[in-house]
Amino acid sequence: MSEVNKGVLVTGVIGSDTHIVGNRILSRALEQEGFRVVSLGALTPAAEFVEAAIETNADAILVSSLYGQGELDCDGFRDLCTEAGLSDILLYIGGYLVVGDQPWEEVRIRFRDMGFDRAFPPGTRPSDVTNVLEQDIAARRADAKQGA
Amino acid sequence: MGNATITDQDSQIRPLSQDKIPRDEFLKMRDENLARWSCGGDVDLDEAAAYHKAMVPEKHHAHVSRHAVATGACLTQPRGGFATLDMHKDLLQKLEVDGLADILPTTTDSYTRNERFGQAADGLTASEAKGRSLLNGFPLVNHGIDRIREIVDQVNRPIIALTGTAMPRMTGEIAYAGGMTGYLGSGIAYTTSYTKEFSIADGIRNYQYLDRLAALYLEKGVELHRRQPSFLTGTNVTPSIGIMVAVLDALLAAEQGVKHYGLELTQVMHPIQDAASIAACKDLVQEYLHRAGHKDVFTPVSSLHWMGAWPANRAQASAMVVYGGFIAKVGGAHNVTTKSTSEALGIPTPEYNAEGLVMSRMGIYLARDFTFEGHPEYQLEKEMIELEVRTILDKVLEMGNGDVAKGATAAFEAGVMDVPWSPNRGCQSLIMPARDDKGYLRILDPGKMPFPKDTLRYHRDQLQQRADNKGITFGPDLAIDSVYELSEEMAKLMPYPLAS
Amino acid sequence: MGNATITDQDSQIRPLSQDKIPRDEFLKMRDENLARWSCGGDVDLDEAAAYHKAMVPEKHHAHVSRHAVATGACLTQPRGGFATLDMHKDLLQKLEVDGLADILPTTTDSYTRNERFGQAADGLTASEAKGRSLLNGFPLVNHGIDRIREIVDQVNRPIIALTGTAMPRMTGEIAYAGGMTGYLGSGIAYTTSYTKEFSIADGIRNYQYLDRLAALYLEKGVELHRRQPSFLTGTNVTPSIGIMVAVLDALLAAEQGVKHYGLELTQVMHPIQDAASIAACKDLVQEYLHRAGHKDVFTPVSSLHWMGAWPANRAQASAMVVYGGFIAKVGGAHNVTTKSTSEALGIPTPEYNAEGLVMSRMGIYLARDFTFEGHPEYQLEKEMIELEVRTILDKVLEMGNGDVAKGATAAFEAGVMDVPWSPNRGCQSLIMPARDDKGYLRILDPGKMPFPKDTLRYHRDQLQQRADNKGITFGPDLAIDSVYELSEEMAKLMPYPLAS
Amino acid sequence: MSEVNKGVLVTGVIGSDTHIVGNRILSRALEQEGFRVVSLGALTPAAEFVEAAIETNADAILVSSLYGQGELDCDGFRDLCTEAGLSDILLYIGGYLVVGDQPWEEVRIRFRDMGFDRAFPPGTRPSDVTNVLEQDIAARRADAKQGA
């Protein structure tokens, strides 16, 4: 993994969720933007995200959850990362995170409290993500350097 | 508790073939299956058959479907399921009374679909605790037969189990024994659209079990509604691909002794193409069943509201809901599976779900009695669909040397059969559809599917036009643009003409 | 202040004929007209023409209509007007921004329509005092030119005055001078649908004035949009009757020098019949204009959302709104006049009105680019409409010895021309339409209209079928049942099939 | 006017209102039910209702108003009747009585306060009217007899 890329990302759809289309389009777009994307596809258990992140020394994990059960699937996700030594990895999540049309602000806070750095509502387009992701990764790398 | 165990055992006993599972062998398979989860033991087939027979005909899906076909009606049926018994009861009540649903749904949650009944139990407990559904459906196995019957007894319509899964053995047993009279799902369609690692062969085996079960009920005098879901990944599935899968799954079911087998096709959102595909599906399924010697299989066709991405704006979405009812009727479908204006916002409340039903029903009404029969553009489209389906299906059947199961698995392996945007690793998913400039879904890249040269050229010419007019490079971007198309905001979709 | 005075004077000066009003005579008529109400004096034609010329083309109705025809677009245009300036501004703002209206409306209140400007003034004052509109529209004469221009300057779309009246002389002067670029109304259509004692001859005279005014603007280089409203009483008006009136009014306008004249047709809520009537209207109007030597009149056709009784249920109504956009596009209309889900509940709020626009617009989008061209049932229906229109119109023109105005008035007197459910005493209103079993509007009783024998037999055979199937006596009850039909509750309109 | 009929009714659409269809259907239905109906048609000034009621010795006036300006048109209608000596005549009104979709109960009360004995909401069918009208007329006649 060279440093020339804008960052290494692990993407996938968590749990028993088969909605792959948006995740695939997002992964393709991020790759075209210069990120290195490790794409785990649909129906991916939480643990697999973490393993892939360790293996690839990823900057961020981008979790998709569309089918409504993300709230159950993501319970403890940050802890899994921390236990695996990925305490400072960036965690993004996007999609239809809960069952039904719940006020987005509440949902966002619920997922922030679960340890996700950012949550993205339905309707998000790749172009809504790239800039902020680049900045977050840069900031994270700067922090890491300072820490070192 | 993993379902893999079951199919692994099967493959040792029974090499994959289309043949009907012998009765004795099937009874053994059932015992093994039912032993996997506590409530499996509650299934008593004779008692269940008696329960079905005691039900009024109006609650039998098969009866209602046959009536619809006889009278030329188009039935409405929503999707929907919530975690707890009370929430689910309340939902069905509203769908029946306010929504006038002709057929009631019971969508299962995604843990149940993947036979993760333990996780489903946790989700159910959490939902009860929080007073809101944390599951995206009704965990019917966890609720079990008695509670399902409590629901069945409460409503006045047939209930269909909508349990998008490649593993229907347990949900099928419990749903039917519980008094649901319809079950949606099939081996090829659902394996390619709902799983990642699961093999198509195992998916076929699992549905052979379910179809064999339906045949067993029939032997006991109970006609059940089995239904095949050719919406696949719901994402720009062209009519010909949907119909190919429908025919293959129907042939497999017929071999197991199923006599009542509905077919579903997702709408592509072009009026002519939608109507043509419904008509072509009706004809082709019967044509291939007849060719295989099945002359008495009843195959009503359901049209599904757009299965791809919806617009978030409710006014826009309502047009798609209304269109969905309207075109289902025009095309001659006997059933329409409805969505709501909440589609792009999340699982609908019972109220919005019921509203979607009424919008659809009025759409059906406004279609009056007309069809496109004789319309030149429609006839052309229907012929193209038929040519494509026959060309590829004949190849698939050839690959199986007359065995549909073998032909289908071989065809998917070779890419001769393919499904766009599939998450399944056993499916090449090279085929790429996109929308042309007139709004038809066309094939941008056939992958390895042997489409007839003529139709393929036609598809690509039409797409080239769109590429030119829209200024998009001919290639994947065209396909991605088509994924988003109908979810775009109105102002982008159809700008004020002077601005364009 | 009564308008009767004006027309009485006219009749002394000018016997009824189709002839173009000579310029000098017209200028005198204008002076007399404008002297009737305080703000009439504010009209300065040259200044008004200059104001129009200074406007961006996007705000000119004529320009936008021509663009729509050139690009095959179907424009959306709602109805709407409130009493006070602020309420009306807010309405147009929402219709433009949230509803994406291509053309903005200004519906006048019913006092203004009847030139009861004093009563309108009281209604305006009361509305301002109570903070809600007590008038069913915008009293444009009372507001006057400057305030209208304040609105025109604020929006980015053309505004059409919708002022259903047989007395357009004052509203027409003020609307056009105020910068509105379209005006809906015509002598035969509006007199038969909006008045009781007013004679058709006087209605024709009044609109000859308005058309002559539009021609005068054209002489000054300003092309205005004039439009004819063939929805008539909105109550089961069959296509052929609507088109006959459209053609007659168009001929009258052309004689006064109008070169841009839109035609409106109400939807009958049968897909084939609606599409056929739009196409037939386009052709027939041009055919008769050409026959009369008018080869350069531009005649775009607008399709109107169902003008009869609507259902109170919003979900049902939304299907009718969506259908309205969809079928307008399919039929090839260049404009659709939209309603909202509030239609059966009362004048819509700006929000519901805007929602209806978006629903319609998405309906238009979903119609994609297809037409019914070549569809056998459509061709048959179109031919029947054309035969009926030609048969009766030729008779009407004959009755006038080549003068349309004389022919039309004579025909109405004799019942050769007739309008169903008309409140006008000069109109026999013997003709009775009803809906047949396939949902087509048919003629139950032709009154004295000389319909071709063949089509009439066809109408009645179809209706007999409905009478038999519905168990309604063949006769007026069938017509009344058809008045209510689409306003019925869903459960009655389309019961669960097993119950029927 | 014989007493065999169920009552004499004056019907019409008030003001500048042209919506004649419902009024015509209602008038026809009431006639078929055995009432004598004097039908004034569309666009009928308030004063004409009163004149016709006097001339025909009517039991009731049934006013239709659909176009939303009924609130303005009906202002003072009861007074007109009283001034003309029809103080006890039954007054019904039906249709879309105000502009927009206002809560029916408020509208009903507004028109009751204006002197209408009954107001009927949009969607009213002739069959919703006949019985109550017959009873009201019977009661009115009984009162009149007692009074006499």
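Some notes on this structure:
Just so it is clear, A, B, C and D label the chains in written order, and each chain counts residues from 1 on its own.
Operating definition for what follows: a residue touches a chain if its C-beta (ideal position, glycine included) is under 8 Å from a C-beta of that chain, and two chains touch if they have at least 3 such contacts.
As the structure is a prediction and not an experimental result, all values here were calculated from the model.
Traced through touching neighbours, the fewest hops from subunit B to subunit D number 2. Taken together, subunit A and subunit C share the touching chains B. If each chain is reduced to the centroid of its CA atoms, subunit C and subunit D end up 31 Å from each other. Note on chain placement: the centre of subunit B and the centre of subunit C lie 46 Å apart, centres being C-alpha means. A straight line joining the Cα centres of subunit A and subunit D is 69 Å long. Annotation, chain-chain contacts: A-B, B-C, C-D (touch as defined at the top).
By the touch rule above, subunit B contacts subunit C in their complex via residues 58, 64, 67-68, 71, 73, 75, 100, 102, 157, 269-272, 311, 313, 315-316, 318-320, 322-323, 325-326, 330, 355-356, 358-359, 361-370, 372-378, 438-440, 490-491, 493-494, 496-498, 500. Every residue of subunit C that touches subunit D in the complex is listed here, in rising order: 109-111, 113-114, 116, 119, 122-123, 126, 132-136, 193-197, 233, 235, 309, 312, 342, 344-349, 421-423, 476, 480, 483, 487.
On the subunit A side of its complex with subunit B, the touching residues are 13, 15-18, 20-21, 24-25, 28, 41-43, 67-69, 71-72, 96, 98-102, 122-123.
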